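Labels run A, B, C, D, E and F following the written order; every chain starts at residue 1.
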Amino acid sequence: MSGIVVQTIERADPAVIDGLAACGVSTVHEAQGRTGLLAAYMRPIYTGARIAGSAVTISAPPGDNWMVHVAIEQIKAGDILVLAPTSPCEDGYFGDLLATSAQARGCRGLVIDAGVRDVRDLTEMGFPVWSKAISAQGTIKASLGSVNVPVVCAGAAVNPGDVIVADDDGVVCVPRATAAEVLAKAQARESNEGDKRARLAAGELGLDMYKMREKLAELGLKYV
Amino acid sequence: MSGIVVQTIERADPAVIDGLAACGVSTVHEAQGRTGLLAAYMRPIYTGARIAGSAVTISAPPGDNWMVHVAIEQIKAGDILVLAPTSPCEDGYFGDLLATSAQARGCRGLVIDAGVRDVRDLTEMGFPVWSKAISAQGTIKASLGSVNVPVVCAGAAVNPGDVIVADDDGVVCVPRATAAEVLAKAQARESNEGDKRARLAAGELGLDMYKMREKLAELGLKYV
Amino acid sequence: MSGIVVQTIERADPAVIDGLAACGVSTVHEAQGRTGLLAAYMRPIYTGARIAGSAVTISAPPGDNWMVHVAIEQIKAGDILVLAPTSPCEDGYFGDLLATSAQARGCRGLVIDAGVRDVRDLTEMGFPVWSKAISAQGTIKASLGSVNVPVVCAGAAVNPGDVIVADDDGVVCVPRATAAEVLAKAQARESNEGDKRARLAAGELGLDMYKMREKLAELGLKYV
Amino acid sequence: MSGIVVQTIERADPAVIDGLAACGVSTVHEAQGRTGLLAAYMRPIYTGARIAGSAVTISAPPGDNWMVHVAIEQIKAGDILVLAPTSPCEDGYFGDLLATSAQARGCRGLVIDAGVRDVRDLTEMGFPVWSKAISAQGTIKASLGSVNVPVVCAGAAVNPGDVIVADDDGVVCVPRATAAEVLAKAQARESNEGDKRARLAAGELGLDMYKMREKLAELGLKYV
Amino acid sequence: MSGIVVQTIERADPAVIDGLAACGVSTVHEAQGRTGLLAAYMRPIYTGARIAGSAVTISAPPGDNWMVHVAIEQIKAGDILVLAPTSPCEDGYFGDLLATSAQARGCRGLVIDAGVRDVRDLTEMGFPVWSKAISAQGTIKASLGSVNVPVVCAGAAVNPGDVIVADDDGVVCVPRATAAEVLAKAQARESNEGDKRARLAAGELGLDMYKMREKLAELGLKYV
Amino acid sequence: MSGIVVQTIERADPAVIDGLAACGVSTVHEAQGRTGLLAAYMRPIYTGARIAGSAVTISAPPGDNWMVHVAIEQIKAGDILVLAPTSPCEDGYFGDLLATSAQARGCRGLVIDAGVRDVRDLTEMGFPVWSKAISAQGTIKASLGSVNVPVVCAGAAVNPGDVIVADDDGVVCVPRATAAEVLAKAQARESNEGDKRARLAAGELGLDMYKMREKLAELGLKYV
């Protein structure tokens, strides 16, 4: 089942992808019914990045980063690499040389359920990574994996071409087919929030704004 | 046992609270006999904040943040929200809208044994949070919890009105009744430390300054 | 087996030590055959530090930092303290007073498979620490340990006088006897990387640069 | 705050205690409103034990089991030792000699948020232990802790004299003052369950037995 | 995206399912190219069970087991319940009453990326469960989830009707469409192993039996 | 540094080895000054085994068990395999075929800081394993490691020929050179314990037997 490179994948509309990036992970996650979130242990190597892109997926053996080289050839401008090891691993699959190569192809970042290294260089390059670990542990190039096959990455199913959105809150995967619809919902949420924020900032309580008091009383909440 | 909101809680003297903030977590923790520290997994979402305030406690079901809205109404200027889920959870109970509301009421920060989201916004707002996780995972508003009841948060018992001190070293809880006494001890420690720091900086050894050599020899320490 | 302080240890050539610092953890780790790396949970308290130094090792009981005082007397300029507790512990063995003392003796930093506190002060002082935890939890001075004996720290064997290299990627231990040889290999790797980086930045693929295509085809990689 | 031994504690009625043991942890936990449960990492060293008893609490430094000896003197027949370390620790505080001594005083078992050893002997003796770890790591007798003071053990607040119930499902703490009331509710639940079990065993669905269908439809559950 | 119950799912041939059970998890996992394995933290509540069945999947909110009742109605004889919470949770979703009901419908067991309780009863009933935790923590019935939708359970993608195989080595998911083919390969492996086992038992070395010596020498293995 | 097989190692006296097995892990660990213990996460796959043997060490890449085959040839009757992966891994390196082969060579068991599979078969064969995980995840045979080189296994330094003692309390490593001396101390402890056990069983308190009361009073223990 491994040893396959799928060369042609469909991607979402670039405008939709950029729109999702602008909304950010938490809003997008809400907009698609609170699904698609990767595990909370996936943390950015530096704060402040907010990206979206099409997933080029990598299924790689533990401690073997050969398929990253293979995947980089499949990158189109705006893509994000998504690496899932075939068993739990925190080795440093990816460093500054691979980042240089990926960035040269237009890659926007890496999401890896394993380790990354050369994080100072990556930070200086402005190449964002969300990972399970930071580890200098080197990897080998001995065994095949696959590129652009469905993977489960940090607990979320990711298909090649799905839209990955990542920021300081984590990483969420939006299926390609529903990306436009999710964007519309996310933007609706956002336009909605400005007014709420202003009212809350002015001291209005959520209890009143969302009309929660009656429902709470009904359930038996007691003020003592 | 849930479904209760205690509206009147006693708070420590504001001057004592601010004094404890100035001393910081490590000094306060020492001053009260090394008790009251929350688990080390409670980390700030950004560095540099050092706050103290009266605990407004929240006991909330896993994945349900309804009680946060209820708790915000109970906040007085200078308070800190302390949320303990009724079972382990890392969902993102709290984000920028709730922070806006809490900040409008004078809340100084949040301590949550679960997840938080919108961390970029919270950082920009200067609303500090100490949490177990950063997670975009949304929560619901379906079940009751309680506000201002005793809780165990990250391994420490917290009563409403206790003084919470939080900084880059973590979070400590000081019982309200002993807060003034703990402050006095903490300040004594601090005045004490300036002289020690200067002597150590000048090259004097702790072994000599604290007169440890004899005791070590007695216990059998061997130099070879 | 505890209660021993070894006063005379051999150290590597200072020029070699500084050379290793300049190469950084990931390069050094590769140069010595991917050995000697400490566990990935060892993280710096602030980013940007890159140091190397001779290990002054400490074997300490859980929750007892007495031996740190003993070890500081053994420090020579350029050394790094390496503390391994005798059983798993995340208490804060080390804070600003000890850092002041260690820094006054020329210590370059601390590597501790346990906790550290006063991290704001340490950051301001520019005293870097790589630790398993940040914890205000205080420790006692009641029991003996040893200084400058072989330890296992965060999964790596460290002998006194070994060269410790630490940066944002983690911590690696280089045995003193092979330090010069490892430095030579690390520098060879580095001079090698400039050319590769330039070619990758220009868009050349690793698949071509490293001539991987034939070997991949041989193993059966299928492009579909 | 440490160095105290409280010699006189109140205990619940022995009949209530034994009644709670018969109900078991899950039922008792439900009966008291789903509170008081210790963390799920607290596991029995062997299966099949189901006990209840009055808590004799121990607050002990990490890696120091001296207070266990002190606590054993305070045991009355039917008590359970509850040990909480003052910071996270998995050392083996307790083994066959201490179990022999405790058992001779009528102790029914140990609940320890740390490690235990000699588990083969303890199993043969029929002395049950719920612990965070099994570890041969020895402890010392150098520092004071306290006996029969309030502790937080594995995330639950335990006061001396509270009723501890423990079985294969874990450990729950029932405050002494409400023990009789909780027992009554637990027994009511149990008598209730026999009928339900029979109906479910006969093939009746919970959906019908609990009349859930209408509520589910109302919330929008769709059968497709 | 939640609130859906799919009532008609396709299942694999019962003979294929039972054949997979007989082969066991490790052999089946090998036979399908080392894919489909659930995380190693999924452990059986008692040893010795070896089952296979068609997955009836449940996506449930944290701490809410309502959908289990809904799912039980969808069980056909020989099925296995597979529950994935929508965010990490270790509450006890399932106990003896639900097991009684599921068993009455012919359910062979439960695979749950969360907690289970009443484990003594379940063991006596012979109802096997593979779970992330054992926890008495009760759950509520307040929110919808879905039944028989695709889920990610403990890191593996599971579709309704896939074949779940579980034993003391863990849990593996076999896609329905390839189940017969996987069984054939698994049985081929098994028939193959008898001869190997006999030769190894007689003292023949794997190095010779698998003719590894030449390849190892080629790679540079040195005997010293 | 990898790719080496050391064929000649020194072993301790068989009588010493068997003597250490009879004492068990906790006693041996105490007898050698509380050193050499492997991490508490190393658990036996079944209870009741108590073994000792000479370490045949394996350093293996993550997910690659080739070196186990190489190591088996180096086994002499009474040896124990000790496998340390070069980076953290929980794959199932070892199953019933390898156990059959190892057992045929007189191997007494396996200690592995990774995963093991076929645990039902291993249990039936009486081949004990202490591991970090139970996992069906298969491994490959692609890269070299080393046999009979010094390793760090689960936090403990192990040299080839050291004596490994393992039982239900965990695993301890005794350096070959001091094995006889450690055995003598362990046996002295044991002969000592019989009398203590009898006195404690008769109700004498440790406080009195060990004459602790005076020392406790001196340190300030207060009975209230």
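FYI, a contact is a pair of C-beta atoms (placed from the backbone, for glycine too) under 8 Å apart; a residue touches a chain by one contact, two chains touch by 3 or more.
Keep in mind the model is a prediction, meaning the values are calculated, not measured.
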Taking touch as defined above, what minimum step count separates subunit A and subunit D?
2
Between subunit B and subunit C, two touching copies, which fits better, same or different residues at the interface, with half of the numbers shared as the threshold?
different
How many angstrom between the C-alpha centroids of subunit E and subunit B?
42
Whole-Å distance, subunit C centre to subunit F centre, using C-alpha means?
28
Where the centres are mean C-alpha positions, what is the separation of subunit E from subunit F, in Å?
31
At what distance in angstrom does the C-alpha mean of subunit E lie from that of subunit C?
42
Tell me, which residues of subunit A touch at least two other chains?
34, 37, 40, 86-88, 90, 135, 137, 143
Sort out which chains touch which and give me every pair.
A-B, A-C, A-E, A-F, B-C, B-D, B-E, C-D, C-F, D-E, D-F, E-F
Can you list the residues on subunit E that touch subunit B in the complex?
61-63, 86-91, 135, 137, 140, 142-143
Parts of subunit D lying in touch with subunit B, wherever the complex brings them together:
1-2, 32-35, 37, 39-40, 86-88, 150, 152, 155-157
State the interface residues of subunit D toward subunit F in the complex, per the touch definition above.
3-7, 66, 69-70, 72-73, 90, 92, 95-98, 100-101, 103-105, 115, 117-120, 123, 133-138, 141, 143-144
Spell out the part of subunit C that touches subunit A in their complex, as residue ranges.
24-26, 29-30, 34, 37, 40, 43, 47-48, 50, 167-170, 172, 193, 196-197, 200-207, 210, 212, 216, 219-224
